[in-house]
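Structure record follows, encoded as structure tokens.
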């Protein structure tokens, strides 16, 4: 029933940054599984860590001190299998497209080594002073290009 | 920059059910606008009301007493303009496809009468007893068909 | 087991402003009842409406345009009975103390007319420009005093 | 203005379990600081880890498989200083009282080594089958007593 062909965590190229999420009680709904909107909240936290750890750029400084908005023009998620309280999800981020003032990346969550959720985000960079679109800052662009190179041989669709 | 052609609220056919959301302090992020994952949480609440008011079926009974899971196989949202604390959004629901065990609908949010967010949800009905897919319950299917007829002349894409 | 003597909704003086909350799927946890931190989020939304409807002051303008912080020095909640998805809670706000730069009020939630949660909030007014404490704005103070008078004969503890 | 005498992290006895929270974008409000109800959500996650790491009991098994409700009869929090996006908070848990069917503990958050939030939780154990109060399970009680002994010389009020 999945709308995507689930990857295996072991297939990911070494260059792909990854992290872990513990599924907490407070992230689950009365059906006992992760509440759908909460996945996007959890993934947004993962993306913050990815900026810092994989790109070497502080997400909080970028948004806070540098006043660069990283809002989304698009988010989506496809779900193959549900996850329950106490599950530990591996999560990986892959850059799909670096535009002039936008960035497309996918977040892949794995439960027991098999992809359970795939999410796509399109970030549009704006000035938080006047809320107008601005080009991706140069250091962000360079870091994204370097990250993409490291992931290059990614056998993912 | 929108990834969709924003509708005007006044263009919606009369048969389309609509509701209102007040953008609260707690729904906004440090950029002063609605936090992206929160849109999906707010829309999920709208969908609950839509079941009750437009379909005549209690969402809470369906999930609670009748143990019918209404989880999502897919969610997505496209954003044309941000909304801020205190904004009042009109929201409408349009049914796109009634499948055997799935339902596709779009949620449209309007700020000042112009569409600011468009979201697509694909619900897959499951039994909450064994978490297996089940056909849409007959009363839900009938109500969806009736709702679709009322919206029929919807000039929306 | 309650840590307070539950009030009945019918006992509240007419002057006490009240509102309603529908307990949504997304507000509930795997135990099928409202997730504790979510009560405080829901009550914060109620407080916003109370500012506008009972005090005649826009919460969003106060925080947004007027840059007056309404952060909390203290919050607490005591729980007598749990509430489930689909329950409709009546909620009332009572002012307890109007200080120079602080405000203490209680939020009372009723399920089936009997108090199920009682929450206390202490707001400290600050400037959102420099985050220093400031006196309660005069219009807020006047509105609070007027509201307290209307609730005066409140037979509540 | 604090309603408690802030501790220093360095004062905590060695036996007190501690963890860390990163303040994320999605946990902050338009004032740029942690949204008050979110503290309680974050602390609830900390408590889950505390069960597993300090008590040696899986919170998720306790609530999930063993169907033991760990709902709260009381929660409160006092705030000395606000925390912002990107801040890293140290968090510690201290047991205050082990009752027959209840548990009182405090959660202390430190920013830059100084206590910024102090929160008190009273857990009441229930059966999630019939929602009636039950005694603290024996293994939980033993683990709590052992934890208290390890923290015994805690110079905290």
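Each chain gets a letter, A, B, C and D, in the order it is written, and its residues are counted from 1.
Quick note on the criterion: a contact is a pair of C-beta atoms (placed from the backbone, for glycine too) under 8 Å apart; a residue touches a chain by one contact, two chains touch by 3 or more.
None of these values were measured; they are calculated from a predicted model.
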Among all other chains, pick the one whose mean CA position is farthest from the mean CA position of subunit D. B
Going by the touch criterion at the top, tell me which pair is linked by more C-beta contacts: B-C or A-C. B-C
Would you mind pulling out the distance in Å between where the CA atoms of subunit A average out and where those of subunit C do? 36
Inter-centroid spacing, subunit D versus subunit C (mean Cα positions, whole Å): 24
Approximately how many whole Å separate the CA-defined centres of subunit B and subunit C? 29
Please list all residues of subunit A that touch 2 or more other chains. 25-26, 30, 32, 35, 37, 41, 44, 63-64, 85
Under the touch definition given earlier, write down the residues of subunit A that touch subunit D in their complex. 22, 24-26, 32, 41, 44-45, 48-49, 58-61, 63-64, 84-86
Residue set of subunit A touching subunit C in the complex reads 25-26, 28-30, 32, 35, 37, 85
In the complex, subunit C residues that touch subunit D: 1-3, 30-31, 33, 35-38, 40-41, 44, 63-64, 69, 71-79, 82, 124, 128, 131, 133
